[in-house]
Amino acid sequence: MLDIDDSPIVRDGNVLILAMDHGLEHGPVDFADVPEKLDPSTVFETATHDAVTCIAVQKGVAEGYYPSYEDDVNLLVKLNGTSNLWMGEPDSAVNCSVEYAAEIGADAVGFTLYGGSNHEVEMAEEFREVQEAAREHDLPVVMWSYPRGQGLKNDTKPGTISYASRLALELGADVAKVKYPGSREAMAHAVRCAGDMKVVMSGGSKTTDREFVSTVEGVMDAGGHGLAVGRNVWQREDPTRILDALEGVIYRGETTDAALE
Amino acid sequence: MLDIDDSPIVRDGNVLILAMDHGLEHGPVDFADVPEKLDPSTVFETATHDAVTCIAVQKGVAEGYYPSYEDDVNLLVKLNGTSNLWMGEPDSAVNCSVEYAAEIGADAVGFTLYGGSNHEVEMAEEFREVQEAAREHDLPVVMWSYPRGQGLKNDTKPGTISYASRLALELGADVAKVKYPGSREAMAHAVRCAGDMKVVMSGGSKTTDREFVSTVEGVMDAGGHGLAVGRNVWQREDPTRILDALEGVIYRGETTDAALE
Amino acid sequence: MLDIDDSPIVRDGNVLILAMDHGLEHGPVDFADVPEKLDPSTVFETATHDAVTCIAVQKGVAEGYYPSYEDDVNLLVKLNGTSNLWMGEPDSAVNCSVEYAAEIGADAVGFTLYGGSNHEVEMAEEFREVQEAAREHDLPVVMWSYPRGQGLKNDTKPGTISYASRLALELGADVAKVKYPGSREAMAHAVRCAGDMKVVMSGGSKTTDREFVSTVEGVMDAGGHGLAVGRNVWQREDPTRILDALEGVIYRGETTDAALE
Amino acid sequence: MLDIDDSPIVRDGNVLILAMDHGLEHGPVDFADVPEKLDPSTVFETATHDAVTCIAVQKGVAEGYYPSYEDDVNLLVKLNGTSNLWMGEPDSAVNCSVEYAAEIGADAVGFTLYGGSNHEVEMAEEFREVQEAAREHDLPVVMWSYPRGQGLKNDTKPGTISYASRLALELGADVAKVKYPGSREAMAHAVRCAGDMKVVMSGGSKTTDREFVSTVEGVMDAGGHGLAVGRNVWQREDPTRILDALEGVIYRGETTDAALE
Amino acid sequence: MLDIDDSPIVRDGNVLILAMDHGLEHGPVDFADVPEKLDPSTVFETATHDAVTCIAVQKGVAEGYYPSYEDDVNLLVKLNGTSNLWMGEPDSAVNCSVEYAAEIGADAVGFTLYGGSNHEVEMAEEFREVQEAAREHDLPVVMWSYPRGQGLKNDTKPGTISYASRLALELGADVAKVKYPGSREAMAHAVRCAGDMKVVMSGGSKTTDREFVSTVEGVMDAGGHGLAVGRNVWQREDPTRILDALEGVIYRGETTDAALE
């Protein structure tokens, strides 16, 4: 973990990652209700909102669409990922090298680690290479820290999420993206486990505005440093409204009520 | 995905790949009715037709026959492939490096990815290396995107084909070659999932002229960018006639009826 | 094995490693009673005690916290490790390269080898690379030599611990960190098996002051060269008191009684 | 496939490889009746016969014995092979690099591919590296193309041998060494499947002079380009006589009767 | 196989390797009756006897003890090995690189190959790398050629030992170390299978002076080139006496009776 407060993906110490790698991880089904969002340009447009500190996409989307938005959007290239056609133990193919990510203009890189999977050891070794290459290119590293696989019956219980954020710190990430452990108290523990490293909440599937913003408020109160969000923004009819609210909660310390007004 | 409209394998925005890797993938049985086509020269001759934007062959055929046709044919070297003697989960050996493909004059490279196979992760990582090396050599990358393997009971249903074209976009291909999903509407969705990346239909086994050309017309109407075809051309007695028709449908927007006249 | 007596991690021929990689290996549960120690700074503070010849941490903690302590603490980067979410045969991911450890200021490196595991061969080959790279960077190598896995029913019986220390010698470590084999006599044999290489005892879970210091006294009497300790120091309310006592026993040859006064 | 007619291993368009890797592949049992042939010098002597265009041996025999024969014998280094103590699916260890083969004077290299084995993909990828390195060193590549393994009940049936020769063409070999498919017609088809690439028959176990030469005559009539032979030459009391006959059949187009006189 | 008669590890055409890697391969149990030999210096002292052409040890022992004996002892670094805690199919970790062995002063390198093991292919490929690197460093290569594993019920029967020595020749070793096949005649066949390559007998567990020296006499009569011995030397009270006898038998062609006097 290094101090990344001067990085373009951080604003006033916090982070809001707009993620759109669902076409790979989940497939077209995530776009069933919003088919226009199959065009990545639409999400890049959304990412120009000031609340968003970077967009997280896979290599192919990055090289195809980022050039048109490089002045207005910061780029996080997600380096690994796997389709949900995959039936094996949780694993994630390294789809992009750090070198290529840097070449196409990345401001940061992202990497999924499935702690507890039969592939944990292999993934941790891939992470080593990615992390050290990222250091050479001066790129912050965000770990999608998702314990999952054999032996893990519940991947959002507090102890698991706390372990997830600690793993990210120990292995050298700069930001941990973890699932919400169900309570503000549990989130506070997960944040504490990360020492001085930033912890952001992973957005998850779509909920109501109030419920979502309120959870994020809880994350911030718990000492978290923001959010990585996908469906809860780009599956909405009006992404701007929710981003306005998130901006209030994350950067201005507003309450949910104030932010939603 | 990059803009490849200026590439030799594209004509007026569209692509017609004449594929002849069946000797590896299917074996001599595909030539049972056309034994003269065992001589790769015959298919290179066919590839000189203006409708064909490139021929797709494996390394050995490329190095043996392309030199005699380099002025009249564009070369796509298919970089992986496996015999049908293989009994394991779908997999494909990387038979040629991008460097060697470039050295023998390739204008583009091709790569099969079996999403959903037990080998998906491994193949996606091989694709990463191929794709990034192709970028260095300025060679367009065509992905044979064929979900297949454990857990996939039907590899041509619409959702699978749409996922296939999206995978190609996310992972950094420039063209996705997918199977026909059974309807014009499903094809249109698959095309939409690919964003600005080109999607071409994979030809499949031999049918009648009308049926084949009509399907291609549907692909073009659905927003597709052409065709990769093998048996439906070189297994015919008169490849020129079908190529003439395909030229009309693909590049001049003709109807099947007009094109077949 | 090389002579490392001039290394910063050795004081008067002996070694006291303060280990804090529990956040990775055991998870947050080890901090349940001492939540303030989740902040790595607190353990770095403890490591400034003169008795401590180096702190052993994983890469992420090293790069985040060592810079503030580099004048007062010597750094041992533990190069491999695995979470206890891992359900497979004992294995340990190589989380940090020797090159990167050197770059962030390491004075020594550490590596776990699970002799007898199904992964023994693979781990021994990883150790070869680590050991030879460490030689290039002039960094002493400490092996956490822990026979474990299929076929090993008791990993602390005397013959196993003696084998553990011999493995470290044969494979080229400079210090072996082994579990206490249950008696002074058995420890003396383990030390003898290591030839001129140093053997230190691995601290284990928390016990009383007297019991712990007395065991260490036995290790020194048996010819051992010190201790690697974690929980028995930083899980205590007053780490200084126990370190004062260990200093007496390890470097001044005091008895437990004298040292605890 | 490249044109190798100017290579030292080709005489008037044809090839006769004297193979002696049986000590590795079959073990000493192949020498039970001719123990004097355990001394590789004896087979190198035989290889000085004008009919032989090269000797095929493993690395150790090449480096030990070729230096004494380099003026009179051309050397093909067989790059992979496995003992028959191996009980797993057909596989073949890469025992020699192309670089080392070139260094010790190889005029060509040989490689076994077991199409249809569980190791087909891995072997094909090893072949890629070998073939491309051989191109750099300007060394012709002979593929021992032997479909074998799970799912293949009969490895000499016509369709299998035709597939074998086609695989060699597609993957970039310059010569395919295949088993005799049982009839002249089947051999002719296998030759046709190889396009312009040379196909030679693999000699097999010892038979009578007439039977053996007659089979070779059939191979030549079928369009084949010669023979790779081991036991049928060096297990005989008088290798010269059979080589004289083979010279007639292979290079002068003689009938079996004429050649045996 | 190269001519190594000018190598320091050869004396008058023969070889006597004093092996002491038992601490790794067998563990401390081999030292139960001679605990003073746990100190590698004692065995290095023994290796200064003129009969010994080199000592064979693992990397860690080599780097720790050879510097004090480099004027009086020749060093063979054993490059692979595995503890007997290993429960899998026979395998051997590559514990030292050829480059590092050369750097610490090796005069030769040693490598175990378990022909017939499920790991044969992998080990043979590791041997390729080792052998070719050893050629670059001009270091003779001794193969511990030990067929073992699934399907091998008796690893010392004559046919197996003959195959073992042939494997070493074919794969490029300079000396094969094989088990005694039970009779002088069988040993003679094993020697013959090796062509011009040297074959030495592997000493095995401790026997009487007469029995041991007599077996070695048989090996020499059978055309063998010496011995690799460990326990039969350093487990004795008086290693000098047995080495004096071996010197007579191996280098002066004495009978057992004469040599033991």
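For reference, chains read A, B, C, D and E in written order, and residue numbers begin at 1 within each chain.
Keep in mind that, in the parts below, contacts are C-beta pairs under 8 Å (C-beta built on N, C-alpha and C of every residue); 3 or more make two chains touch, one makes a residue touch a chain.
Computed from a predicted structure; not experimentally measured.
**Q** Kindly list the shared contact partners of subunit A and subunit E, in label order.
**A** Both-contact set = C.
**Q** Quick check: superposing subunit C onto subunit D on C-alpha atoms, how many degrees is the rotation, to the nearest 5?
**A** 145
**Q** If you average the CA atoms of subunit D and of subunit E, how far apart do the two points sit, in angstrom?
**A** 35
**Q** Between subunit A and subunit D, what is the separation of their C-alpha centroids in Å?
**A** For subunit A versus subunit D, the centre distance works out to 57 Å.
**Q** Give the residues of subunit B touching no fewer than two other chains, as numbers and ranges.
**A** none
**Q** Beginning the circuit at subunit A and going via subunit B, which chains come one after another?
**A** Listed around the ring from subunit A, going to subunit B first: A, B, D, E, C.
**Q** Contact residues on subunit C for subunit E in the complex?
**A** Per the touch definition, subunit C meets subunit E at residues 1-2, 115-116, 118, 120-122, 124-125, 127-128, 131-132, 135, 147, 150-152, 159, 162-163, 166-173, 189, 192-193, 195-197.
**Q** So in the complex, the part of subunit C that touches subunit A is made up of which residues?
**A** Of all residues in subunit C, those touching subunit A are 21, 23-24, 27-29, 31, 35, 38-41, 58-61, 63-65, 81-83, 85-88, 91-97, 99-100.
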